[in-house]
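Next come two complexes, and both contain subunit A; in the first it sits with subunit B, in the second with subunit C.
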Partner chain A sequence: MSTLAIETRDLVRTYRTRKSAQNPSGGTVVAVDGITLQIPRGELFGLLGPNGAGKTTAIKVLVTLLLPTSGSARVAGFDVARETQQIRERISMVSGGESSGYGLLTVREQLWMFSQFYGLPSRAALGRIDELLKVVGLFEERHRRVSALSSGMRQKMNLVRGLLPDPEILFLDEPTLGLDVGAARDVRAYIREWVRQRPGRTILLTTHYMHEAEELCDRVAIIHKGAVVVTDTPAALRHRAAGGSYFILTTSLLDGATWLGQVPGVQRIDARDGDGSTEVRLELADDGVIAGVVKALADRDRRILSLRKVEPSLEDVFVQIVGRRLEEADEAVGRRE
Partner chain B sequence: MSDIPRATGLTRVLRASRGRSYPRIIGLFRERSWLFYDTVLPLLGTIAFVYVYKALGAPDRFVGYVIMGGAAMGFWMNVMWSMAAQFYWDKQGGNLELYLVSPCGLVPILLGMSVGGFANTLMRTVAIVVVGAVLFHVTYVIHQLPVFVAVFAVGIIALYGLGITFASLFLLWGREAWHMANLLMEPVFLGTGFYFPVRALGFWVAIGTSIIPLTLALDALRQLLFPETHPALLPVRIELAILGGLAVLFAFTARLSLRKMEFLARREGRLSLRF
Partner chain C sequence: MLASSRVSPSLGGARHWWRTLRVAYWLGWQIESNWTDPFLFFVYSIARPLGSVLILVFMYYVVGRAGAAGLLGFFVVGTACWPFVVQGMMGTAWSLISDREHWKTLRYVYTSPIPFRAYLIGRALAQSTTAVSAAAVTLVVGRWVLGAPLHVATIHFPYTLVAFALGIASVLALGLMVVSAAILISGEAWRMPEGVGAALYLISGAVFPVSVLPPVLRTLAQGVPLTWWLEAMRRGLLPPGAVTSFPQMTDRQVLGWLAVLAAVWMVLAWTAFTLAERRARDRGVLDRESAF
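Entry: the complex of A and B
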C-alpha cells in the first residue's frame, strides 16, 4: 500500500475553448499548469486559491473525471489515467453548491440511493445515514423532500453523502460555499471530527478562505494560475504572513494604551482615541493572549464595548509570501505567455 | 462509525440498479402529474386511431392491433425520450459526475433507469389494454403464454439496450442527434407497424425495419394474440431468436457507447455543450 494518498507530478490539464466572436479559432486554457504535490495518508490537505486558480480542475483529474493533459497523478497509489476503477473504489467527492440527486426523494431516501452505488447493504446503510444525519443536525429533516431543503441543509446532506461510503480519500470542493457563518462552522467541525475519528483517512479540500484552510488543514498549497505558489502548514504560512491576523478592540476611553502592550504575548499595539471610546488594534503571538488583554482591562475597570478578530485574507497572505498582489501576479503570468 | 462491508460484483450491480430505479418508481406515486402525462394523454391518441379504423369499417381485429400498438408505443417513447431526457438532466444536475466516480460505474445505473422507466410504462400499458377491453370489447387470448412472455422480455431488453445507446449518443452529440431522432420518429411509427401488421409494408422493407426491436416483437406478440388472422412476417420462434440477437447486439452497443462517452468526457472536459 502506497504511503501517499495523493501524488501528482508536473500535472497539467488544459481545456479547449469553443469558438466565439472574440476568439474565432477557439483556444486553449491552461487550468492546471504543472502541479507537483505529495499528500501522505491521514492528512487533511487544502488547496487554497482565488477563482479560476485551477482547484476544481485539479480535483476532477484526481477523482478520474478528467484525464491529465500531461504529467501524472496517483490516488491511493493508482494511476488516474489507467487505474480508474481501483481509485473509484476508494474515494468519494462532494462539491459545494451541487444540486445532485432527485428533489422528489426524501433526504433519507436520497442518501440510501447513493449508498447503493457503493454496494452497501440497505439496513446498515440506513443506520449509518441516521447516525450521520444526527451528527450534522439534519436528523429531524430526514423525511423532508430534498427539493424543500435550504442550501445549507442541502450542503450538509451532500457532506453526509460523501462520508457515507467511508472513503479512504475524500475530495471536498469548497465544502462551505454559500453557507452562513454558523453552518460553515458546523461543516468544518464535522470534517475535522471525521478525520480525527478515522485515522488513515485523507481529505483534500479546496477553499478561497485563508481562515478556513487554517482552521481545518494540516497543510495547505496556495495555487494561483494553475501553479503551486507555496506549500506549507497553516502555522508556517501565518508566520510568513505575520501581521495577517489581528484583533480590533473597542473600550471605554483608555487615555494611553502603552500599558496594554506590556501584557505578555502582545506583539504590536495601535490605539486611537475617539468619541468616549478607544479603538485598539492588537497583534498577538496567538489567540489565547487575548484573555490576558481582557483581564488587564478588567483590572483597570475599562469596559469592553466590542471585540473582533480580523482574519488575514488570501490576498494578505499572498502579498506577504509572494510580495506581490494577485493582480500583479496575473500580469506577470500574462507577460510570460 | 462502524465498518460496513461493501458488496462488489453482481450484488453491487443489483443494489445500484435498484437504487437508481427507486426515484423513477416512487415518483409515480409522488408526482401524480406524471401519471396524467404518461398515461392519460397518450391514451387519447390511441383511442383516436381506434375511431379511425371503426369509421373505415375495418375488421375488429384492427382495433386489437391499435391497442397493442398504443401499448408498445409507450415503451418506445420511454426509451427514446424519457431515457435520454433523464440522462440529460442527470448530467445538468451534476448526478452524472457522481455516477461516473462511484465504483459501480454507469452500467447498473442505466439499468436501474431502464427498470424504473419500464415500471412506469407498464402502468400506461396496462391502462391502455384495460381501456381496450372495457371500451372496445377487445378480447385477448394469449396462446403459448411462456413464448409470449419470452418475446416480451427479450424485446424489452433489446429495446432498452437501444435506448441506452441513444441516450449516450445524445449526450455526445447533443442537439443534432436529438433532431435526428425526432426526424426519425414518424418513419419509425410507420416502419415498425405500430398500428397495422408490418407485413403490409412488404417482406423486405419489414425485414429492414426489424433492426428496431419493436417490429419483430410486435409482430410476434400479435401472432400469439391473433393466431388465425394475423399475417405473420416470420415464424414466432425465428422472430424470438432474432430478437435475442438484437438484445445481445444492443447490449454491446450500449456498453460501447457508454465507454466512448466516458472517455470523451474525460478527454474533452465536457459532454456535449451543443445542447
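Entry: the complex of A and C
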C-alpha cells in the first residue's frame, strides 16, 4: 500500500474554449499548471486559493471526473487515468455551494441509495445513516423529501453522503460555501471530529476561506493561477510571512530604545514614543529571548504596561506571496468572468 | 460517537452489477412513479396511449380507404411496442441528462464505484416499465374496440417472449448509443434523444412496412434491430398471413436476424460508450451543465 494518499507530478489540465464574438479563434485555458503534490495518508491537506485558481479542476482530476492533459496523478497509489475503479472504491467527494440530490426521494432514501453504490449491506447502511444524521443534526429530517431541505440541510446531507462509505480519502470541495455561520461551524467541527476518530484517513479540502484552512488543515498549499506557490503547515507559513511572529511591548517612556537591541537574540527593534509610554515592536530569534528583554527593562526600572505576541495570519502570507488580498483576487476573477 | 469500523464493501463482479442495476431501477421507478397528482397519472398512463390509438384509428381508416385494411394488426402491434423504444432508448439518455442538469448528481454517481452502464441500464429499464400500461391499453383497445386480429389461441407465446427480450436488449443497446452522444454534448442534449427516436420511428416499420421505403432507407432499416423486433413481435402476436415487413422470410430467420443485430449493436454500443466516456473525461464535459 502506498504511503502517499495523493501524489501529483507536474499535473497540467487545460480546456479548449469555444469560439465566440469576444474570442474569435477560441483558445486554451490552463486551469491547472504543473502541480506537484505529495500528501501522506492521515493528513488533512488544504488547497487554498481564490475562485478560478484551479482548485476544483485539480479535485476533478483526482476523483476521476477529468483526465489530466499532461503529468500524472495517483490516488491511494492508483493512476487516475487508468485505475479509476480502484480509486473510486477508496474515495468520496462532497462539493459545497450546490443543490444536488434527487429532490423527490427522502433524505434517508437518497443516502441509502448511495450506500448501495458503495456495496454496504442495507441494514448496516441504514444504521450508519441514522448515526451520521444525528451527528450533523439532520435526524429529525430523515423522512423529509430532499427538495424540501434548506441549502444548509442539503449540504449536511451531502456531507453525510460523502462520509457514508467511510472513505480512505475524502475530497471536500469548498464544503462550507454558501452556508450560514452556524452551519459552517457545525460542518467544520464534524470534519475535525471525523479525522480525529480515524487516524489514517486523508482529507483534501479546497477552500478560499483563510480561517477554514487555518483551523482545519495540517498542511496548506496556496494555489494561484493554476500553480502551487507554496506548501507548508499553517504555522510555518505564518512564520515565513514578514519574519514570522513578533512581540508588541508597551513600557513607561524609554527615551531611546536602541540599547534593547543589545539583548542577545533580539533581531530587530522598532520603538515609537507616545504619550508617557513607548511601544516597541520586537522580532526575536525565539520566544525565550523575551525573558532577557523583560529583565533588561527591569534592570533599568522600566515598567511593562503590556506585552503581547502577534502571529501573522494566512491572509498576511497570501498577500505577501500573491501580492493582493484573497477577496481582491476573487474580485479580479469575477471581473474576468 | 460513531463506530469507526469500516463496513466492508462487496464490490466487483456480477453481484455488484446486479445490485447497481436493481438500485438504479429502484431510483428510476421512484422518479417515474412519483405521481402526486392523480390527474397527471391518468394523463400519462392512460390518456396518452389512448390518444395514440385514436390517431391510429384515424390513420387506419384513411389507409383503409386506399385498400390496405389488412394493416390494422400491423398498426396495433407497432403502436403497442413503440413506447418501449421511446421510454427505454430515450430514457437511457434522459437519465444521464437529468442527473447532470436537473438533479446535479451525475458527478457523485459517476465517481462512485458502480458499473456505470449497469446504472444507466437500470434507469432505462425503470422507464421501460412505464411503457407496459401504454402497450396494454393499445392492445386492449386494438383488439376489442378496433377488432385487430389478436387472439390468445394464435399467439405464439415462446416466440413472442424471446422476441420481446431481444427487443428490450436492442432498445438498451440503442439507448447506450444515444447516451454516448449525450455524454459529449450539453446544450442540445435534451433535444437529441427525441430526434433519434423520430428518425427510428420513420425507418423501423413502426406504422408501415419497411418495404414501402425508398431502397436506401430500406437498407438502412434492415441494419436496425428495432425493425426486426417489431417484425418478430407481429409474427408472434398476429395470426399467420397478417401483413409484415419481410413476407419472404420465415419466423425463425426473423428471430435469427434480430438476435444477431441485437448482439452486434450491443457490442457497438458498449464500445461507443467506452470511447465517449473517455472522450468526455478528456474534454471535461462529463459533468458540465448547460444552464438549460
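Convention: the second predicted complex is superposed on the first by the 244 of 337 C-alpha atoms of A that agree within 3 Å, B and C clash if a C-alpha of one lies under 4 Å from a C-alpha of the other, contacts with A are read in each partner's own complex, and residues count from 1 in each chain.
Operating definition for what follows: a residue touches a chain if its C-beta (ideal position, glycine included) is under 8 Å from a C-beta of that chain, and two chains touch if they have at least 3 such contacts.
No experiment lies behind these values; they were computed from the predicted model shown.
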So, after the overlay on subunit A, do subunit B and subunit C clash or fit? They clash
Exercise. Touch check for A:Met93: first (subunit B), second (subunit C), both, or neither?
Worked result: both
Checklist entry - Who does A:Gly119 touch here: subunit B (first), subunit C (second), both, or neither? => result both
Does the superposition put A:Leu138 against subunit B (first), subunit C (second), both, or neither?
-> neither
After lining up the shared chain so the two structures overlap, which partner does A:Arg18 touch, if you call subunit B first and subunit C second: first, second, both or neither? first
Now for A:Leu237: first (subunit B), second (subunit C), both, or neither, which partner does it touch?
neither
Check: subunit A residues flagged as touching subunit B and also subunit C 13, 15-16, 60, 63-67, 85, 88-89, 91-93, 95, 98-102, 104-105, 109, 113-114, 116-121, 124-125, 128, 131-132, 165-166, 197-198
In the complex, the residues of subunit A that touch subunit B are 13, 15-16, 18, 60, 63-67, 85, 88-89, 91-93, 95, 98-102, 104-105, 109, 112-122, 124-125, 128, 131-132, 165-166, 197-198
Residue set of subunit A touching subunit C in the complex reads 13, 15-16, 60, 63-67, 85, 88-89, 91-93, 95, 98-105, 109, 113-114, 116-121, 124-125, 128, 131-132, 135, 161, 165-166, 197-198
Subunit B contacts subunit A in the complex at 1-8, 11-12, 15-16, 18-20, 22-23, 26-27, 30-31, 93-95, 97-105, 108-109, 265-269, 273
Within the complex, subunit A is touched by subunit C residues 1-4, 6-7, 9-12, 16, 19-20, 23, 26-27, 30-31, 34, 103-105, 107-114, 278, 281-284, 286-287
